[in-house]
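Look for chain A in each of the two complexes below; its partner is chain B in the first and chain C in the second.
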Partner chain A sequence: MIDVDALLNCFGVASCAVNQLTSGLIIGMLLFLVASGLTLIFGVLNVINFAHGTFYMLGAYFAFSTYLLTESYLLSALIGALGAGFFGILFERFLISKVYGQDILMQLLVCYAFILITDDLVKIIWGSEYLSMGVPDEFRLPPFRVFGGFVPPLYAFLIILSLVIGVITIFLISKTRFGSIVRAAAENAKMVSALGIRVPLYFALLFGLGCALAGIAGALGAPVRSLTPGMGFGILIESFIVTVIGGMGSIPGALIAALILGITRSIGSVGFPLFVDGMMFVIMALVLIFKPTGLFVKGSSK
Partner chain B sequence: MSENYYLKVNNLNVFYDNSQILFDLSLSTKKGKTLALLGRNGAGKSTTLKSLAGLTPIKSGSVLLDNQNIENLKPYNISRLGIGYVPEDRQVFKLHSVEENLLIGAKKNLKREEEIHLSGVYDFFPLLYDLRNRNAGLLSGGEQQMLSIARTLMGNPDILLLDEPSEGLAPIIVQDIAKLIKNLQNTNVTIIIAEQNIRFCFAIADHAAIIDKGSIVFENSIDELRKDTKTLKKYLAV
Partner chain C sequence: MNFIKFHKKDIYISIISLLILISIALFIEHPWPRDFLVSIFSFGLLAMSLNMLIGFAGMVSFGHAAFFALGAYAFGLLLQNENFVMYFGQFSIPIAFVLSVLITGLYSAIIGIICVRLNDIYFAFLTLAFQMFLYSVIVSWVSLTGGDQGLMGGIPRPPFLGIDLSDSIHRYIFCSIIFVLCIFILRILNKSNFGYTLRLIRDNSERAEFIGIRVLRVKLICFVIASMMASVGGIIMALFTSGAYPEWAFWTQSGEAIFMIMLGGVSIFIGPLVGTILLRSINDIVQIYSSHSDLVIGIIIMIVVLGLRKGLVEYFLEKISFKKK
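And then the complex of A and B:
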């Protein structure tokens, strides 16, 4: 099942190794952005946003249309993030906040309804064929040479920007007044409210932030992936795996876990192409067996 | 009669699920005065304060703050109108540092002249200054109580609802809290304090109200209560 020859051949040649590593990092970093939103929402609101992939999809489609109109990739990414964040806030205010604290099945049901409706709306607006944004003009540049391999500037940009966004998010949550209030409200929302803070507003903003992270991942990834209604499902499952491996609520955990999965995916496409998804579940299962709270959340290891 | 009560509570009925806890409870207090809310365990003191703070839904009855109805407002709106609440069980944010706890409580009050700031709170609670970088969850019970009071004061309330601030504290700290309350009285803050410690109330309160089984059974000046040995014995077992 594992094609050792192919693996050795690739990693014997610097260029192939660099290419696989780069593509692993891209997959990992975009996955990290999506998963960090999911884990943030869970950590504060204690709800699992099953509709998270939908905001990834919305980000991608908003970016696609913005790019058609403006031909600016950066503006497209911004609109993708803001659009997904905006719809995230609406979704939180009018739907998911109504089932906070209720049975998880209720939350699942609300999210599933939202996914189906949004997928259909996307089909109506953008059609059901695969769409491709293509490499934006800004990045039609000669690739960098790294150890004999080629790294397209767009890839380098995506990896670095995702990391920067991740760092900003961690800063926002751990060092700002917004983050302090949101963490306090996660612990004791009533007391925060009694201190004069409009907690529902903060919850909506946090939910919007989480969705914006999914949206910007969809938008940034639009040039290297194809767009299709229902594209949110795969990334949702992978984000779940990331949060299980990294630990629910931990953003640094999401980063490491997403990188592990990204690299597994890209190496797997060479070495065990038929078992790539299987391998991700195997990693998840191992973490669940040896550290059920995830690698980065304190807890007893069984 | 035009009333000059600052806070007036009329016929409050409050339920937890299906069981009624407060029965037509009425109370009133004037600006700058301190009202002691007394009563046995389970009488309904905490429930009364929580209802005033908006944390427990009010089934019927009214709460007038400066003649404005506030009984249906959310806790954050009530707080912004100048009502500060200090819960009985402290409820500090355990994973936040002492200073972060205080900053979450920080809020301006447009109605008040003297503002309390971080430095003012530290002046009054030097201990909190020394502990400012420690996680609140690691503080002792008494330290958490001080933090909880200080955090609410950071919001510059005109009315302070204190739920058993002396509970579980060493006598020396109770004296500190009494001193703090006197300071607040000097800045014209109105205080409602739920207490079991009657001697503490005799030292600081202007008026007293006794709750028994969810209704007010006594409401008068603290001096009248001091003389009324029958009431003291009947409802407070003193």
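And then the complex of A and C:
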């Protein structure tokens, strides 16, 4: 099942190894952004946003349209993030917050219905064909040479930017006033609202932030991936696997787990192309069996 | 016999419904009612078995359709294998049937061992993840499963014991017997000690643990039985369409099954079946009038979930009981 020769051949040659590692990092970092949004929402609201992939899709499509109009990649990434965040807040306020604390069945159904509706709307607005944004003009530059391998500037930019966004998010949650209010509300929402803080507003903002993270991942990834209605679901499953491996609620855990998965994917595409998905599930199953709380979280998932 | 005495009412109901179902085939020549009913048998078993997890045991699975699809694919692949049909001759169909159910049981036991230990949200998501794993295997293993085209070339249906499943009347009667039998088994389980144990675990698993019930083992057994039941639904669908399709393993199928349960309500034993009939009918009607059926179904789900906040059946039952007061 595993093609050892292909693996050895690739990693014997520095250029191939560099290429595989860069593509692994790209997959991992984009996955990290989506998963950090998921894990953030779960950590505070104790809700798994089954519709999280939808915001990734919305981000990508908003970015696509903005790019067609303005031809600016950075602006389209911004619009993708803001648009997804905005719809995230609407989704939280008008739909999912109505079933907080209720049977998980209700939450599942609200998310299921939301995915059906948005996927169909995207189909109506943008069509059901695969769309491709192409590499933006800003990044049509000669690639860097690293150990004989080629790293396109866009890739390097994506990796660094995702890392920066991740650091900013952690800073926002752990060091700012917004972050401390949200964390306090997660512990005891009634107490916080008794202090005169509008807790639902902060919950909505946090939900929007999580969705914006998914949206910016979709927007940033638009030039390297193709867009299709329903594209969000695959990434939802992958980011769930990331949160299981890294531990629910832990952003640093999500980063490491996302990188593990990204690199597994890119190495797998050389060494065991038919078993790439299987490998991710094997890793997840092993973590669940031996450390069900995830690798980087103390406490219990039971 | 005690068993017969205890289940007298259920046995009568099963026999009468079976007679009604069979008479439909004998008196109505048009194939439409038969086709509609076979799809109800199949998806009804999916919903009823899922309700064994959700309604009886409180385990909200979002990946139940995986076992439905696995049953269908196992059944189709076994019968498409020439050696298998040569070896078992006229008993191919019953043996393939039993084997597919067992294969699904084995697979669900492996998934179950990992999943049943986890709490609600994790359980829902994990079952979903494993379903998508199966989906990706089906779609990418083209040489075996036909990929996204589905299992093509038809499933051979060699006659056995005078039953010829390629004949639509025979097939319909065969499926109704299997269906009624399965619902009867679910009913027995529901009324048995096992069923009460499941409800105890649903309502208070700590207390169940304290009185000496091995909660995880009971949950696992429930998970495996429900999965095997779902695979029977899949086999009926494979028989009916003479094929198997990856959509059956797609997550929307599980979402649909959950909505069927919600529509019919979890508090009534036969509720999920009513939900299946409702949703299938809604689906058929929507598909006639709109090419965007997902959009319409999505809006309907939102209205039911956020507007009524309970199943349609429960909603109307409550309305009626209020009027009486």
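Please note the rule applied: the second predicted complex is superposed on the first by the 299 of 302 C-alpha atoms of A that agree within 3 Å, B and C clash if a C-alpha of one lies under 4 Å from a C-alpha of the other, contacts with A are read in each partner's own complex, and residues count from 1 in each chain.
Definition applied: contacts are C-beta pairs under 8 Å (C-beta built on N, C-alpha and C of every residue); 3 or more make two chains touch, one makes a residue touch a chain.
What you see is a predicted model; the values in this text were computed from it and never measured.
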Which superposed partner A:Pro142 touches (first chain B, second chain C, both, neither): neither
Partner chain in contact with A:Ile197 - chain B first, chain C second, else both or neither: first
Touch count on chain A, higher of chain B and chain C: C
Contacts of A:Glu187 with chain B and chain C, given as first, second, both or neither: first
Partner chain in contact with A:Gly12 - chain B first, chain C second, else both or neither: neither
Contacts of A:Ile289 with chain B and chain C, given as first, second, both or neither: second
Residues of chain A contacting chain B in one complex and chain C in the other: none
Interface residues, chain C side, partner chain A - complex: 54, 60, 62, 114, 117-122, 124-126, 128-130, 132-133, 136-137, 140-141, 251-252, 255, 258-259, 261-262, 292, 294-295, 297-299, 301-302, 305-306, 309
Residues of chain B defined as touching chain A within the complex: 53-55, 74-76, 79-80, 85, 87, 91, 93-96, 100-101, 103-105, 107, 151-152, 155
Residues of chain A defined as touching chain B within the complex: 177, 180-181, 183-184, 187-188, 190-199
Residue numbers on chain A that touch chain C, as the complex places them: 42, 46, 48, 50, 95, 98-99, 103-106, 108-110, 112-117, 119-121, 123-124, 233-234, 237, 240-241, 244, 274, 277-278, 281, 284-285, 288-289, 292, 301-302
